[in-house]
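Labels A, B, C, D, E, F, G and H are assigned to the chains in the order they are written; within every chain, residues are numbered from 1.
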Amino acid sequence: MGERMLLRGNEVIAEAAIRAGCQCYFAYPITPQAELLEHMAKNMPRLGRTFIQAESEIAAISMVYGAASVGVRTMTSSSSPGISLKQEGISYLAGSNLPAVIVNIVRGGPGLGDIAPAQCDYFQATKGGGHGDYHMIVLAPSTVPEAGELTMLAFDLADQYRTPVMILADGMLGQMMEPVELPEPIDVASLPAKEWATTGAKGRDPNVILSFDLDPEVLKKMNLALQKRYRQIEAKEVRYEEAATEDADILIAAYGTVARIAKSVVRMASAEGIKLGLFRPITLWPFPYQPLKELADRVKTVLTVEMSAGQMWEDVRLAVAERANTPFYGEMGGVVPTPRRILSEVRKHAS
Amino acid sequence: MPVSTEKMVKVFGRPASLTEARFTYCPGCHHGILTRIIAQIIDELGIVERTVGIAPVGCAVFAYLWYRCDAIQASHGRASAVATGVKRANPNLIVFAYQGDGDFASIGTAESIHAANRGENITVIFVNNQVYGMTGGEMAPTSLVGQKTTTTPDGRDPALFGYPIRFSEMIAQLDAPVYVTRQALYDTKRIVDATKAINKAFTNQLEGKGYSLVEVLATCPTNWRMKPTEANKHVAEVVTKVFPLGDLIDRG
Amino acid sequence: MECSVIIAGFGGQGVILAGKILAQAGMDHGLEVTWLPSYGPEMRGGTANCTVVLSDEPVGSPIVDDPSALIAMNLPSLDKFESTVAKGGTIVVNSSLIDRAVKRGDAQVASLQLNELAEKVGSMRAINMVALGAYVKATKILPLDTVKGAMARMLKKGGKGEFVTINEQALEEGYNAV
Amino acid sequence: MPKGMLIIDKERCKGCGLCIVACPHQVLAFSGELNRSGYNVVHMERPEACVGCGFCALTCPDVAIEVYRERVPA
Amino acid sequence: MGERMLLRGNEVIAEAAIRAGCQCYFAYPITPQAELLEHMAKNMPRLGRTFIQAESEIAAISMVYGAASVGVRTMTSSSSPGISLKQEGISYLAGSNLPAVIVNIVRGGPGLGDIAPAQCDYFQATKGGGHGDYHMIVLAPSTVPEAGELTMLAFDLADQYRTPVMILADGMLGQMMEPVELPEPIDVASLPAKEWATTGAKGRDPNVILSFDLDPEVLKKMNLALQKRYRQIEAKEVRYEEAATEDADILIAAYGTVARIAKSVVRMASAEGIKLGLFRPITLWPFPYQPLKELADRVKTVLTVEMSAGQMWEDVRLAVAERANTPFYGEMGGVVPTPRRILSEVRKHAS
Amino acid sequence: MPVSTEKMVKVFGRPASLTEARFTYCPGCHHGILTRIIAQIIDELGIVERTVGIAPVGCAVFAYLWYRCDAIQASHGRASAVATGVKRANPNLIVFAYQGDGDFASIGTAESIHAANRGENITVIFVNNQVYGMTGGEMAPTSLVGQKTTTTPDGRDPALFGYPIRFSEMIAQLDAPVYVTRQALYDTKRIVDATKAINKAFTNQLEGKGYSLVEVLATCPTNWRMKPTEANKHVAEVVTKVFPLGDLIDRG
Amino acid sequence: MECSVIIAGFGGQGVILAGKILAQAGMDHGLEVTWLPSYGPEMRGGTANCTVVLSDEPVGSPIVDDPSALIAMNLPSLDKFESTVAKGGTIVVNSSLIDRAVKRGDAQVASLQLNELAEKVGSMRAINMVALGAYVKATKILPLDTVKGAMARMLKKGGKGEFVTINEQALEEGYNAV
Amino acid sequence: MPKGMLIIDKERCKGCGLCIVACPHQVLAFSGELNRSGYNVVHMERPEACVGCGFCALTCPDVAIEVYRERVPA
């Protein structure tokens, strides 16, 4: 662990990527993740690594596709509209079994929307905004230090499962500063070799990267292999955090920025005698259905709070399956729910 | 008949860099000639073990099947961007992108131009057959004025759909490319010329000189609804009037 | 204990940097901190602001309903944020640019001619440090020396070491003016 | 003995006829024989005229032709 | 009603669009929807309407955005990878309250996949593959004649709710022929004027089409208005079909092509004495949660059958909420489940 | 002071086609001058009631606020495609797209080139300020060699990022466009010239002649980190060397 | 009653059109029909096929597990589809290009020299109508005249009216050969 | 009486100084007065020198200047 530094979320993600051995970073500018590009522009060339400001988000994800094919660790980042443009590319990455990290610093939508923090890209990230039956692992940090940790984890998971991994954060997390201690850079040489990469067919048969086969039976097999991997990920990689759930009557289900705000609310509620707990999914895909289901048996109400019209809410209701009440409180358009506002929602359900 | 070649030497055979797979192209399609030429140059330069080919979406989508080198199948239009990613990640690799005119000059316009503008040290083969072969014969940006396609049933009307785009001429406006040329395959002489051009385009990359683009005028007998021999004649007599052959830039 | 402050003013008044320095100083002092800026093109020409939270336990929300303090460097900032300040909170007002009085009766107000004080120090660009000095004095949130140290380190790191002295003077000027 | 000789891979040939036109010595013609894919494949109609120049093979889009030439005494 | 004709699904959709008064059609070629472009290329210019083969799917959806802004009926079509590229544009259409029709003739994915029929873009269509909190109305025809009817309906719904509407079909439906009687063309002049359209600020204040406001409170209001409209659509526009559900023990939940195949299975099962019913959502968004929920109370099992890894299945489970068993049978990669194969799945659950 | 103008005539006032809204641009930014010029020409041609402006994503995103005509805010880079949709849907409208260099020449490359190639009867204003203004000063495709931006902190290195792209020269390679010109705004003479050019670009459309493109060299004092007056000088002395002023095509 | 047939052959053998004509004839005859082609580039050079279902109630599945008939115009088609044909189904075999016998014992086989019969009519391109005629005779699915009528209408609509006569002859040739 | 006269909208002026440079007669200068947005706005330092040529207004990016000129007898 290094020095404790005061850094922005965007910088921490960029620096964590560098320390995770990201060799190639390709991106197109967009607010509120500009500092991510800036950090990479400044630091990657000095390390002899690749930074390209691509001509578009599509070019960037396509460059990622190329670099991932060669077996190096690679990343792109953007914000909502730019991530929409990457959907075809993400589907290709998934279909071609390529590891890559994609950062979405979400802003208000739909359309051009605004540049304020939001969580309205949950569906796109977790259900597959692109075409076809695929998933990405989606990691949702709640604080700046966690943004760094999860970014490093993202590269490991991407390699381990040969899958794109998304860091889903929001404008607030990208822009705010907190003290962080970044882990030491990994030793890139120590990473396992990628036998499948297109590094030149020397002393072996050619490697081919593709997501294509005209024969439906073959494509079905490719899909079955993908799905098998997804089942493994669901079995092994579910991550979540619980706070004050032991004797809770009410549970807030929230992720990312909202979850950290909700932690203040838990304290405030406890001061009022309300038994409020917090359930925070860290992996949005795979979603922690099982643990939430079990908690739902013990509480009266699971209140989902999101900066969206209720996207994660669907997964919460799927998990809860009417075992408890599942009210929803959401803000939209870049409005951030304040602790007091959340608390007043909680009070409605505290009988 | 092998008996009769006993005392002879093989002067032309299957390039070693080609696999045994049969081409999926239609009879007489120039994609096949071009594929063979590229394999031959990979042989000549001895680079099969460090070459990565980028297959497009288009009739050449199966390109990953033909060569004994590593290959990547790119999303439609983005082969030049994928090639960029590959080359930057591992500059020791020899990277070529093989792209149709729909792929390179329509949906891929931005990626094609900006890879050229950055002067990526890659080789791009741009197959201009004036039609979308794979999808069944729609207009390409390069389709000739008056050309009948499934989406211009009365012929391409420039008032509605514009003129055939001379993409290589646009690329030639940029400062970075080292070599931009237009070639054809309609007879033996053009095939020999095209082979030389492609050799140069790979050699430039090997020597670290930068971006090379070889546009190749090709036929699509199927969608042109011509016999292969007629299609060749059409290229020679009509297409080359709109797309003149020759080097546009040679800063090698 | 959790303290929060909104520092707001025109784009050129250095409010973003003032917030960073305060956050750094808080961190140096062993506190948990968050710093959250307004961002994007809205800052251009218009008003900029940032929110700093200092706390002795992990900070929950980096945005606050009712900040314990406000530094208002210009009129639009006072108009926008005055009503949000917590009861008994502190408001530092730049009376050089704000010709109205604070309306609330339940806040501790430090009204200072920040422009004049900065000019006195010899640099209008140091106006943010004058304001920060005043805030530190008014709230006693941190020792002034910690803030000075944080400021010096940040300026040096940004290659602006030559401005450390003048900014120290500005911090003191603000501190002593309260 | 002719100067040149071809081995034509019938199953690769798609009967496009480009080699026929490319040959400067009118060596090639359609054989009338269909291969397994239903194509009318070419053959050497006048093998004696072949000079082994390789034009046919250069032209063949399906790399169906191998060309052999008389061994020139070293 | 006109003459009974034998037509392909793609042609029927194109012709129905023309008869619904589609003035401008913009698209980029892709299999298996090429015939849609062809039909439009042949017929639109002759009617003095606009056909443009756009330079890309992104250009096409952007042209749709322009034409929709002017207030004319407009459409684009594509297949899976091309639809992924349109996600940003669709999000803009939704955010700007623009009516438009988007046709997705789904093929096997992810990535380049193949060109065979599939249903693997359900999530993308129904949950919002683009960024932000938006929905499209999604109509899923099951036969060629219905493809025509729903296309005409799509234009009406788009105008009525100022929203993009998607026709979600698959390669089989696009390619197959069935007898159809197409309704007479509507009288375009009789359509209500669109006061909001950018037709020139003559005698009125300027109209502006946008999805943008930097102030989160304003963007929130724009989002609330959208959500309100979505609630109205959910209340009024849910469409579905039931077959043999009266005394069913088992229900197949399926849409589109699979649902029509399942109808054969219902007959086959009945011959074996299995009480099998069919629940077919016609609107995939809004999904018929309530009717399915009610049916779920009366059956033992709701077997979802899809040409996907289980996408609609999530909505089925959300509706059923553990009231019944919810097994799943899916094919992938362009493989179409045959009646016999589905029947054997049904048998597993017929006790 | 109004008193003293009593006996005078107003020779320059706010164009009628401008709303009262204040521009959101930074002090000294050329976007403001250009906005005023366009409004003035809309006045002169008397077309405010049939004009539709397409606002880009970029510093000019608020363009829909400035004019008393209808307006559409387009997604980033696609203004030329949106303009195409508008014009084809209603050819009586006068349509102009206003696009920054990132918008027009980077992400929008394909849409920009193909609208030009189709010869859409629209007017495109392309604001080349060699930087991404809106997002905080990143490199644009037009950024000069050596130019320091937030993504080229050591200056644009052509070996890594290529050369400033002369997009208008590329467009000028196409057959369809009727008018392609490059103008500037760094002094009164250039402002007058630019005004004429923009007038012509709109007049061409009114007369049904086809596609007109006016590239305008503009400043971004904020991200260039220059005073507005310095920025003007920089355009005059440095930028015009790389991007020479004048008409590239005039087939009007 | 539901009948289904797969018509399969080389790209140039006109199997797609034969299927369309059959479907049209079925429709003219008052039946419900579906026609489903193989599609896309796979057809290029390789094998093409289509499936036609004729039924007196709405057609459920347009793809069938076990077609009641197969028209195999070349060897790969027979290899691919022979085993799928329903018990007691009909197989029309083009023995001009298929030099093996049908392996199944439980199907009704009509083995014809389709190429030769087409040449006899005077057009290799009419081979598909020869096959269709044979199929109609073998299955008695529709009156030959209905098929003729459908064929004539479709050719005329496609601007190929001049080929109606030769194709009528081809239908008859096939019909009579069984 | 000067030939020209300006009305400068102080709240629109952003103090960019472009008009000052554009004026061929050195009429304009910063006033030192800050407007509500905090900008140092220009004023006519030498109004008597103004010829009403309008260069300043043509240049002003914020359309803050209206120009008046002496009425020329018809």
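Just so we're on the same page, a residue touches a chain if its C-beta (ideal position, glycine included) is under 8 Å from a C-beta of that chain, and two chains touch if they have at least 3 such contacts.
Please read all numbers here as calculations on a predicted model, not as lab measurements.
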Chain pair with the higher count of C-beta pairs in contact (C-H, E-F): E-F
Centroid-based (C-alpha) most distant chain relative to chain E: H
Chain A and chain F, separation of their C-alpha mean positions in angstrom: 38
Distance from chain D to chain A - Cα centre to Cα centre, in angstrom: 60
Whole-Å gap separating chain E and chain G, where each centre is the average of the chain's CA atoms: 34
Separation of chain F from chain H, taking each centre as the mean of its C-alpha atoms, in whole Å: 25
Shared interface positions of chain G, touching two or more other chains: 40-42, 45
Chain B: positions in contact with at least two other chains: 26-27, 61, 73, 75, 106-107, 109-110, 113-114, 118, 134, 141, 160-161
Residues of chain A engaged with two or more neighbouring chains: 31, 52, 55-56, 58, 81, 88, 92, 96, 111-112, 115, 210-212, 214, 336
Interfacial residue positions of chain C with respect to chain H in the complex: 10, 12, 45-46, 74-75, 97
In the complex, chain A residues that touch chain E: 58, 80-81, 83-85, 87-88, 91-96, 106, 108-116, 118, 120-121, 123-124, 127-134, 210-224, 226-227, 308-309, 311, 314, 317-318, 321-322, 331-336
Residues of chain B that touch chain A when the two form their complex: 48-52, 54-55, 61, 64, 67-75, 78, 81-90, 92-93, 110-111, 113-114, 118
Complex interface listing, chain A residues touching chain C: 4, 6, 31-32, 115, 171-172, 175-179, 260-265, 267, 336, 338-341
In the complex, chain H residues that touch chain C: 14, 34, 36-38
